[in-house]
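Going in written order, the chains are labelled A, B, C and D, and every chain counts its residues from 1.
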Amino acid sequence: MLAALREQVLHANRELSRRGLARFTFGNASAIDRAAGRIVIKPSGVPYDELTSEMMVVTDLEGRMVEGKLRPSSDLPTHAALYRAFAGTGGIVHTHSHYATVWAQAGREIPCLGTTHADHFHGPVPITEPMADHAIAGEYEANTGGAIVARFAGLDPKAMPAVLVAGHASFCWESSVAAAVETASILEEVAEMAYHTIVLNAEAAEISAALLDRHFLRKHGSEAYYGQRPST
Amino acid sequence: MLAALREQVLHANRELSRRGLARFTFGNASAIDRAAGRIVIKPSGVPYDELTSEMMVVTDLEGRMVEGKLRPSSDLPTHAALYRAFAGTGGIVHTHSHYATVWAQAGREIPCLGTTHADHFHGPVPITEPMADHAIAGEYEANTGGAIVARFAGLDPKAMPAVLVAGHASFCWESSVAAAVETASILEEVAEMAYHTIVLNAEAAEISAALLDRHFLRKHGSEAYYGQRPST
Amino acid sequence: MLAALREQVLHANRELSRRGLARFTFGNASAIDRAAGRIVIKPSGVPYDELTSEMMVVTDLEGRMVEGKLRPSSDLPTHAALYRAFAGTGGIVHTHSHYATVWAQAGREIPCLGTTHADHFHGPVPITEPMADHAIAGEYEANTGGAIVARFAGLDPKAMPAVLVAGHASFCWESSVAAAVETASILEEVAEMAYHTIVLNAEAAEISAALLDRHFLRKHGSEAYYGQRPST
Amino acid sequence: MLAALREQVLHANRELSRRGLARFTFGNASAIDRAAGRIVIKPSGVPYDELTSEMMVVTDLEGRMVEGKLRPSSDLPTHAALYRAFAGTGGIVHTHSHYATVWAQAGREIPCLGTTHADHFHGPVPITEPMADHAIAGEYEANTGGAIVARFAGLDPKAMPAVLVAGHASFCWESSVAAAVETASILEEVAEMAYHTIVLNAEAAEISAALLDRHFLRKHGSEAYYGQRPST
C-alpha cells in the first residue's frame, strides 16, 4: 500500500511543477496512510523532473524517518502538524504559487468576491498571524503548523481546505493528495481573480451569504446538484 | 439535424477549454434548434477532454430533458431563459474567463475605451443588478436569466451580444454557438485591455459616440466595409 | 520585384500573428516599392493562417487598387498617408498589441523610463490628438493618417518610428516591413515595462537626456558601437 | 580550460533566451578564469540562437580583447569592474528581464516581502544611484560598474548576488555562470511577486529580521538544512 501512496505523492509533486504552481523547488506534496501511521513526502531540494517513487521519504506522524535515503522536505513538520490536527485530511500540498503567495505577502486574507471562489471555498481564505521571533528561532516548521491550527479555531478544514501563511505562501489539504493538487490550482486561480478585482475596485464587495451558500452547497454536501455524482 | 448540432456544441465546449476561456470545468456552451424546439447543452461537471457528442444533453425550451443519460449543465435554466427572450440567438456561451469575471466581481460594466471594443460591442458591456436573497434561494439559475433579461430592457441583444452577471461571470450569445465562442474570446481580450487602461488611468474617457458608431458600423450592418463580405 | 515584396508582406503579416501582436484579425502590414509607386498590403478581414502571397493587394500611393481580387485592409488610407509623408519609410505595421493599445486607450504617450526604451525610441512615444466628429464621419482612415502626420510636426520619424492613435492602437514604420515588425514587437515590450513601472510608482521619472542620447546613439547613427555593424 | 568556459558561457546565454529572461538581444552572460586572468563573454548584438562557442570573446580583466573575431558585448566594462571588485565571483549575468527592470525603472529597491525572497537574497535587492551626466558621457559602461561597486559598500556580494541599475536593468553574479543564470531567474520571480504585493497593498511590511535570517540560513552557510547537501 505504501507503494501506491509513493506513486501518488510522486505524481502530485510532478503535477505541482507541470501546472506551474511550483517553480524551481518551491513546493512539496505529501500523503498519509492513517491505518499504518505513515506519511509519505517529497525529499528536500530535489528537482521535480528528477524525482522517482523510491526517493519519497516515509515518516511517522511525528515526522521521524522510517524509510528513505534522502532528507525529507524541510516543511515536513508543518505537514505532520496538519495531519494530526485535521482528522479527515489524506493529502497536503505546499506551494509558492504566484498570486496566493502575493496575498500571503500582502498580509491579507482572500475575500470571497465571486462565485468561482464560492464554488470551492466556503468564505474568505484565512491568513495566519505573523510568527513571533521565538517561534521562528525555535521549531520553526512545526510552529508554522501550530500557527495554522491556531488560525482554524472555529473553522471547518473540510469547508476551507486552504490557508495563507503570512509572509510565506499557501498550504492546501483534501481527502487525497491528488485532490489537494486540484485545490491548490483553484486557489491560485481564485487568488489571481481576487487580486485583479481589488486592484480594479478597492471597494469591491464580498458576495452575499446567500450566494456563497448557494454556490458552495451546489457542489458540496448532501444537497449538491452540480456534476454527475448521485445526490443522496 | 440534432446530430450536427451536437457536434457543434461539442466543438464549442472544447474550444472554450482550448482557448483558455474555461479552466477546470468553469464554463459551458449550448445551441438551439428553433424549428424543433430543442436545446443541446454540455453535461454538468464533465471535463472538456472527456466530452463526446453522445454525452450532450437535449432539452426543450423550458429546460426539460428530452434525450441524454447525463445531467445537463446546472446553468441550463439561464441558457433557456435567454433563448426564450432573445429571438435571434442560436448559441450561448458561459465562461469564467479571467478578466471578464474580474469586471463582474468588481461590480462594474466594461466601458468602451477604444476601437477594439467598438468593433464588436456597441457600447459598454452591461452588468446585472446583484440578485436578492429570495431570488438566490429560489430558482437561482432561472432567476439569473431573468436578471439578464431585465438588464436588457431597452438594449438590442444583437448589438450587445454579451453581459456580466454581478459577482459571477459572463454570458455571450450569437446566431451560432461557434460565433458565440468567438465573441467570448473577444470579450476577454476587450475586458483585459479595459482593465489595464483603467489601472493606468482611472479617468480614461470612453471614446466618442461618433467613433463608436464608425467602428461598429464598419463591421456590422448594411453599410459594413470591413472584410470580404459583399456590401449590399 | 513585386513578387518579392508580396512575400515580405505575407511573411510580416504572419509574424504579427505568430508573435502575439495581432490576435483575431486585429492588425495589418504593408510595404512600398517607391520606384514603381506601388503599395502591397494585407486583404481585409482574412485570418493570418489563410493568407497567401497572391491574396496581397497592390495599390498606388493614393490607395487605388492596381492588382488583387480582394478588398485591401480598411486601414490602407492610413498607410498611404504615412508613406507619402515619411520619405524613408519602406514598411508599415498596424496592430492592436495589448500594452501599446492600453496606452492609446489611456490617452497617454509612453514616457521614456529606461534604457530598453532609449535603445529603440529617441524620447517618449507620441500620441495623436483625439479626432473630431467631422474627421471621423468623413474619410476616417485617411484622416487618421493626417492626425499622425500632424502630430509629427517637429519630430523625426526615423528617430521615432512609432505612434499611438488615441483611443485606437499603434502604427510603426521602418525602412523595411520586416524591421517594422521588429519595432512593433519592441514597442509592445517597452509599453508593458512602462505600464508596470507607472503602476508601481506613478511618479517614476523619465531618464535623463544624457542617458537617452547615450543609449539611442549607442545603437543608431554614425557613432554606434553596439552590435557587429562596422562603425564608419 | 577556456574551451569548457566558452561552452558554459554559450549555454548560459542560450538559457537567458530560453527562460524568457532576455528577449531580442537584451542580455548577456560571462564567466571568468581567474587563474588565467581571462573573461569569456557574449559577442555584441548576435541573436541567441545563432551563437556558437567560437563566437565567444575572450578578454583580460581590463576588458582588452585577447581572442575572438567579433566585438564583445558593449556591457563588458561593467562585467570586468564587477569581477575586479567582487572576489569570489565566477560568472555574471545581465538581463532586461521584465519585473526586475520594472523595479529599476521605478527607482526602487526590491523590499523583502516574503520567504521566497529570503531564501535567496539576504535583504532588499539594492538599487544604484542615478548616474551623473559626466559619468554617462565618459566611460559609461565602466562607470556603471563603478556605480554598482559604490552601492555595495558595506554589503556582502555573496549574500546579495544581485543589483538593480537605476533606469536600466539588473546584474546577477555567482560562483559560476550557470548559478548566475539561476539567480537571475529567481530574481525575476521575486521581483514579480514583490510587484504584485505592493500594488495590492502599498503598505505591505517587510518580513522580520528573524524570518529573513531563518530562511536565508536554512539554505546558505554552515548551518543549512535545506536540500541534500551534507551539513558540516
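Throughout what follows, contacts are C-beta pairs under 8 Å (C-beta built on N, C-alpha and C of every residue); 3 or more make two chains touch, one makes a residue touch a chain.
Only a predicted model underlies this, so the values are computations on that prediction, with no experimental measurement involved.
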item	value
Interface sides of subunit A and subunit B: same vs different residues, half threshold	different
Euclidean distance of C-alpha centroids - subunit B vs subunit C, Å	33
Rounded Å distance, subunit A centre to subunit C centre (Cα mean)	47
Touching two or more other chains - residue numbers and ranges from subunit A	199
Chains touching one another, given as label pairs in label order	A-B, A-D, B-C, C-D
Partner subunit B, residues of subunit A touching it in the complex	113-116, 182, 185-186, 189, 192-194, 196-197, 199-201, 204-205, 207-208, 210-211, 214, 218, 225-229
Of all residues in subunit B, those that touch subunit A in their complex	23-26, 43-46, 70-71, 74, 96, 98-99, 101-108, 130-131, 133, 136-137, 140, 167-169, 195, 198-199
